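Heads up, the next two complexes both have subunit A, just with different partners, subunit B and then subunit C.
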Partner chain A sequence: MSERNTGVYLCSGCGIGEALNMDALEKVSKSEYKLEPKSHACLCSDEGVGMIRSDIEGGVNQVIVAACSARVMTDRFAFEPNTLIRADLREKVIWSHPAGDEDTQMLAEDYLRMALASAPKINPPTPWIEGEYSQRICVLGGGVTGLNAALEAAAVGHDVLLIERSDRLGGWAVDASKRLPHRPPYAQPEENNIADLVAKVQGEGKITVRMGVTVTRTAGMPGKFAVTLSDGAVEDVGAIVIATGWRPYEAEKLGHLGYGASPDVVTNVQFEAMLKEGRPTRKSDGKALKSVAFVQCAGSRDPAHLPYCSNTCCATSLKQALELIETDPTTNCFVIYEEMRTPGTAEELYRTAQSAGVIFIKGKVKAVGSDLTVTVADELVQEEIPLQGLDMVVLATGMVPNSTNTMLPSEAGENPQLHGDVDPEAPIKVAGYAGEAPPAHERREQVVYEGASLLNLQYRQGPHLPVLHDGFADSHYICFPYETRRSGIYTCGPVRRPMDWAEAEEDAQGAVMKAVQAVRSAAAGAALHPRVGDLSYPKIGLNQCTKCRRCTVECPFGAIDETEEGFPSVNSTRCRRCGTCMGACPVRTISFDNYSVESLVTQIKSVNIPDEFSGKPRLLLIACENDAVPALDMAGIKHNNWSAFVRVLPVRCLGSVSLLCVSEALLGGYDGVMLMGCKAGDDYQCHFVKGSAMAAERLGKIGETLKSMMLEPERVVQVEASIADADRLPKVIDGFVEQIMAIGFNPMKGF
Partner chain B sequence: MESTTRSRTILVVGGGISGITTAVEAAEAGHDVVLVEKSPTLGGRVAQLNRYFPKLCHPTCGLEINFQRIKKSRRIKVFTMATVAAVKGGAGGYTVTVKTSPRHVKPNCTACGDCGRAATSEIANPFNYNMDKVKAAYLPHTMAFPMRYVIDGSVAGTPEGEAIKAACKIGAVDLDEKEETFDVEVGAVVWATGWRPYPAEKLTAYRYDLPNVITNVEMERLASPDGPTKGKILRPSDGQAPKKIALIQCAGSRDLNHLAYCSRICCLASMKHAAYVREQLADAVVDVYYIDLRAHDKLESFLLRVKDDPQVRFVKSKPARIDPGAGDNPILCGENTLTREVYAEPYDLVVLATGMQPSTAEGDMPAFDGDLDDYGFIFPEGETISAGVAAGPLDVSMSVQSATAAALKAIRATMA
Partner chain C sequence: MSQAASPTPKQKYDLNFARWVYENVDGGDRMALCMQCGTCSGSCPIGTQMDYGPRKLFMMIRAGLKEKVLTSNTLWNCVSCYNCVVRCPRKVPVTYILHDLATLAVREGYAEATHSDNALFAKAFWWSATKYGRTDERLVTAKYYFAFGMSEGYKRGMANMKIALGMVRTKRMHIGMPHKVKETSELHKILAKAAEIEARNNNK
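So, the complex of A and B:
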């Protein structure tokens, strides 16, 4: 690397020059850091940016801009590959503190000091790029979702390895009759074109199909996965799309709905296969079907079975009834339902069924007898009515995700990663609303543990892809539905969420989009969501490592494995660059080129700490840059003021905060430390899954340290912030300042 | 053979959550993107939501990440206050005419706020569905991206306009700015034009003209800290906290006279509204009037949580009408489908769960010359690529799913 040449640029625009003493700011840079700053009345103007650019041409390779928040003017202050450090004098100083005030001035000078002090510790990141990368995409599962995923990946130029455990392609669709409508006018069942889809895949040269095999081992990382198949073959792939689909809920568990009591009580999947073969007849005696009842929510929305709604069963029953009526309009079809769920344009199919003469009974089925008498607790007439003379009862059983392979036995031993992320029984705890939890329904762990791992990941954190409650391998994030906790591995189709054919087709495209990004980013050494494009990665100084394993255990994405000697080994393309490992390391030997415990501690120590006779306390606010920092910016935009005794230190995630940051602050004379991050817990909002939770756990252990320093434990707190807290946070901060003032100054001050 | 006019650039029409998603997903796979949004900021309808179901988290959290992705990308060119005037050509080679409306603020605006302080007149605030007012020179909201002011055309040529112009120290005010058009060459076009709330005034029996009859989108603003009441749920007529609230499902949806389809999100949005009320107002009761309660997949657990609250009651009924009542209390009239009882129930506040109508429904998207379905949605087929609610009534998660898929479709189209 060429020698560091730091340029310092101060902006006096947007009222900064009127509110602050710019000469004093310049002096901080000049006399304390020996860097001659340049000031401009509007640094983001063409002239201001031009001044910086010409300095870069003249050899400046690191730029410090003291102006507005780092969240704005990013297109103006863009000097890659030179490093850029921003000090916020606008949102977090003059917009949130009184102008012309001594304390505001001290705040601004400290923010400038923090930027200046960090400069020597921040290097331009060199990406991790090593050896060969595979652009091939592996698709697991050869049903509708997997076939579409394979075709889509091939269509954008990627080779595909398609793995199917059975000896045929097409999945459930092969045994199905017509499709649910998905094209305008959405009113009629559509032709099942699965044979065409299979033929297309078989005719696509970029797709290698492997049937009758499973994955016994997956090692490596995005761009460099080695997938071992049950026949011993080892395949290199760059990303993996899981499209293992669903299986019907076990009808054997639905004895109360007559399953097993009569051969003429069948599941919707069995009935679908019968429809495919032509007009179904009674299984018991071969007689024609004149009267058929469809029982909805057979297992679904039932705390004793599947707590969720399987999404597709209502429309499927309507379709099956319509297929019966189409071949014999005199067929009596009863649909017994609690809520008719035909969302979106599926409402048209409901309308078609109504006009075709399907009879709808709103109620809950109490029992189905061996003579096919269906007893319904009818909600409309509010009494139990027996429905008799039926020729067949079809149970609309729900979808169970194939997040494991139940055709193979599960591995011995529990895998903690398979526990659900979200507790479905937890009350809603957001901002004070705590509705009582619904009646406890069983955690269906047995479903999750029913089979073998799909990929058998050779990861320190276990072989499985973490799943949400109910066993679906879905994202926890509403805004980012393809986020899994295993980088480069994406899920789509009914293994992710109960969904129909058309939705699964689209879902396959979405997952392939992410897989394409994963292989391209891996080869460039660039991070995936949410720190997209970040070229930094964690470097571990093994000579200092004590093999404590905290980094390998705490990484939210399972990016760090252990060598046989017990040392951590970073799989760089699995890493999302949150820094949780850096915060975890007790000997602080994990760092990024541009982000380290050292770069944080240097900033903390750079702040001027007045002595206690000044009456001016100093508090450190370590704030998560994802939600807390934007919320503080917006507090500034709204001109909400907070105490000028507080110094904000933005961090990638609270998970990256080493306890050393806290203890160094207190040793250095700060009177209190507040950590501010995203909501932890079951409904977590942390973008790196458990950063806030890890920070809380670490802080739980700081009591002893504080005691040894003769300090009150109340001097260190952690608070939750949401991005919408622009009005609340200033009050939270001021409340903490008051609390600290009540305790008194830090006795370590001045030592 | 590749012709020289082929472009790998992708045009995305609409800067809501779907359009943003398509843009960043395509850009992060190495494609240049032009993102065109008709309003002054990105974020669309989700920026106007207080929270999402079922996590009750804030949509601005995800928007912040997406805005950061746009800022980092360098491949995405954003045009706000811009619409598509014409599309010519075919997959792999389109010429698209983009029309921009005057913002009256130049790109060098720093959002310092001097113009806002100089402005004296006020205009209806579109961000809060016109429930309050903003200065004629305004930042659309605190999460606005791009973070630049807008000056309403009404002050052009007035002394106020001159004062606003004089207040700007960097000369970023341009009151003479005119509509402009320019062409872009792109390889694919993605329509992510979203939706609007179905006009409640068309539901004449539900008396949206009464002060205490509001819509579900207005309820979002009432509950939002940046809303007209700073997040307090108050009756529009007298600013009092309501004690008895009705949420009417399928206000327009599943109705052949209005929206024939189910809008999918309204039931769950109303569960969220029940939670807003119960969080703020311990004594309040909420009655939900419904035909079917539709909580798809795991969202069932959200419905169950709200159902377990004894102060939230469920009435299976599609109300026939609303009558005006004493004390500005709307009276909800109809028949309970289960008990057959006829009711005429006064409420402090009635919220109409109006559905989502595609922005393309009324033929006001002249540049789109493909086929619309009977409801006005853009069915993705052939060269036509649509994303999110432009393609059908979807929730946020499904819209993002659809938009991610649309990015791949667009990349395919540029390779065609």
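So, the complex of A and C:
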């Protein structure tokens, strides 16, 4: 890198000039950091930005802007490839603290100091780009979801490798009768057009279809995956879309609902196949069906079987009943339900079924006799009612995700940690946890799902994709759908959550868009969600590495493998740049070009700490930039005030916070440290899956350290923040300040 | 409503009565769309005075509990406030259905439908409305009281004498000729025509 030439720019617009003493701010830069600042009354104006640009032409290669929050005006203050450092004097200073106040002025000066001090530690990132990158997208699974995914990827210009383990395309849809309604007015079952879809895929030149094979090995990283197939072929692909779909819940386990007692007790999947062949008849004696009961939630929403709702079985039963009534309107169709769940437009099908005379009985099925007498505990009539004279009982079984390939045995020596290496449900206990502690709940049994891993990933963290507790391969289906905990590998369709055909179509499109982004970003050396476009990547100083393996274990995305000698080796395109490895490293030898333990500690140390006789405490608020910092910005926008004794240090993720940051702060005289980040636990909102959980775990161990420093453990807390907390956070912060004042000043001050 | 007798279910969830109601009762076709949400029962101002709320009554029809339905006081206690009709998310005209079921109960000769308090009051009300075109408080009350027999009627009348006098004093009830529409004979012709049309429709 050429000589560092830092330009400092102060903005006095938006009321900053009126609320703060700008001369004093300029003096901080001039006398403490020997950098001549330039002030402007509106830095984001053409004139202000023009001033910076002309300085860049004159040799400035690092820009410090002290104005508004780093989250706004990003299009104005964009000077790539020169590095940009932003100090927030607006949202977190003048909008959230009284104007013309001594403490507000000290706060503003400290934020400027933090920016100025970090400047020498921040370098422009050089992206990791090495060798060839594949733009091809691999789609695993040739059912409705996979076919749509393949077509979608081909439509945006990517070559596709479509892998199907059976010897035909189309999946379950091939054996199904009609489709659920998928177009207005959503009231009638629709024709099954799977044959058209298969033909379309076969006619698409960009799609290579491989049937009758499975994946035996997947090595590499986004842009450079090497997928080995069971016939020995090795294919290079850039990203992988998993569309392995679902299988029906084993009806053999539903003896209590009469399965097996009579051939006329069938599952919805079997009944669907019967409907496809024409109007079904009794399996036992071939007699016509005059009276059929559909038993909903057969094994679903039952803790002993599938604890979740499969979303589509209610609508499927309605469709099947309507198909029966269509061929013979006198057919008696009973739907026995606990709750009818017809999300979205399926409500229209429900109405059609009601109008057509389907009879709905709300209650639990107590027993199904071998003579097909169904005894229902009728919740609405409040009686136990035997339904007699039925010709067939259809059990609406749920969907089990194909997160593994159950047609193959599990690999030997398999990593049992299918759920990932941090149990997402384990209660997290933190010393001095502020606010309500998360409720403790029993840890679920760590289940190893049967079957072989879908991809057999050659990752340090095991061959499987980590799954959610019900076995669905996803990371967070509300905040980050399609993302798995392995970069460049996306799931869609019923392997992600139960869904019907039309939803799977949309889902396939979503996952393919992610995959396209993955292959293109990988080739540019840029990060994926949520730090999209970040060119930095973790660099490990191996001469200091103690081979402790904490980085390889703690990486939420399995990005770091181990070499044969036990050293960590980063697969850069797998990395999401959260910095959890950096926070984990006990010898602090992991850093990014523009983000390091050093750059954080420098900022912490740059703050002026008044002595205890001033009566002014100093608290450090280490805030996650994903939710906590924006929430604080919003608090500022709403002019919610909080204590001016607090200094906010934004970090990529709480996972990237090394304990050194906390101990350095306390040694430096801060009176308290608060870590503010996303929700950890089973319903985590951490954008990097387990960064905040890792921070909590590390913080849980800091109590001893604090004791040895003769400090109260209450001085260090972690709090959860969500994006909607603009009104709550100022109170939380002020509460913490009060708590610290009650404990008293840090005795380390002034040493 | 059809004059044909309604079928009686042979077992629970025998659908013959439910289907008859769907086809023959005013608003019965919409009743098929009832999804048992209970908004009607929750909205009913006198739901606590009913044997069963409308939601449960409809479910009982589906379950084939014909006798329990037609002997319940629900049909008679409805005050036609139309709260349920306005609020029903499936647009089921609950009030119409209850009234038609009451008519059915009378026609099929259920004792509860002809001899209960509510049924007798309804009869007295209908008598005044059709005879005079108006309801005359005094005559409706008298007719209702004496429907229980001479001595019971006298006893009830005397027990309420104080209230009656108070109402007279405040001009809430008048003494003298009953309230009437101008041309009662025209009203009777209208009613006769309506009965003729109904009979014609039923015989179709």
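Simple rule for what comes next: the second predicted complex is superposed on the first by the 708 of 751 C-alpha atoms of A that agree within 3 Å, B and C clash if a C-alpha of one lies under 4 Å from a C-alpha of the other, contacts with A are read in each partner's own complex, and residues count from 1 in each chain.
Everything below uses one rule, namely that contacts are C-beta pairs under 8 Å (C-beta built on N, C-alpha and C of every residue); 3 or more make two chains touch, one makes a residue touch a chain.
This one's a predicted model, so the numbers in the text were calculated from it and none came from an experiment.
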Self-check item: Fit or clash - subunit C, subunit B, common subunit A
Solution: clash
Practice problem: Name the contact category of A:Met340: first (subunit B only), second (subunit C only), both, or neither. | Solution: both
Practice problem: Go through the superposed model and pick first if A:Asn332 touches only subunit B, second if only subunit C, both, or neither. | Solution: second
Quiz item: So, does A:Leu380 touch the first partner subunit B, the second partner subunit C, both, or neither?
Solution: both
Quiz item: Of the two partner chains, subunit B (first) and subunit C (second), which one does A:Pro185 touch, if any: first, second, both, or neither?
Solution: first
Practice problem: For A:Met211, decide between first (touching subunit B), second (touching subunit C), both and neither. | Solution: neither
Self-check item: More subunit A residues in contact - subunit B or subunit C
Solution: B
Practice problem: Classify the contacts of A:Gln354 with the two partner chains as first (subunit B alone), second (subunit C alone), both, or neither. | Solution: second
Practice problem: Name the contact category of A:Arg520: first (subunit B only), second (subunit C only), both, or neither. | Solution: first
Quiz prompt | Touched partner set for A:Ala199, first subunit B, second subunit C, both or neither | solution = neither
Exercise. Considering only touches as defined above, state whether A:Ala288 meets subunit B (first), subunit C (second), both or neither.
Key: neither
Self-check item: Common ground on subunit A, meaning residues reached by subunit C in one complex and by subunit B in the other
Solution: 340, 351, 380
Quiz prompt | subunit A-touching residues of subunit C, taken from the complex the two chains share | solution = 11-13, 15, 18-19, 22, 29, 32-36, 55-56, 59-60, 62-63, 65, 90
Quiz item: Given the complex with subunit B, which residues does subunit A contribute to the contact?
Solution: 13-15, 42, 44-46, 68, 71-75, 78, 152, 155-157, 183-186, 301, 307-311, 339-348, 351, 379-380, 382, 424, 427-428, 430-433, 435-439, 468-470, 472, 474, 477-482, 497-499, 503, 506-510, 512-514, 516-517, 520-521, 530, 532-533, 626-627, 630, 634, 637-638, 678-679, 683, 685, 687, 722-728
Quiz item: Once bound in the complex, which stretches of subunit A touch subunit C?
Solution: 332, 334, 340, 350-351, 354-355, 357, 359-362, 378, 380-381, 383, 385-389
Quiz item: Can you name the residues of subunit B that touch subunit A in the complex?
Solution: 17, 24-25, 28-30, 50-52, 55-66, 68-69, 71-74, 108, 110-112, 139, 142-143, 147, 169-170, 224-226, 230, 254, 260-264, 275-276, 278-279, 292-301, 304-309, 316, 337-339, 373-375, 377, 379, 381, 392-394, 396-398, 400-402, 404-405, 407-409, 411-412, 415
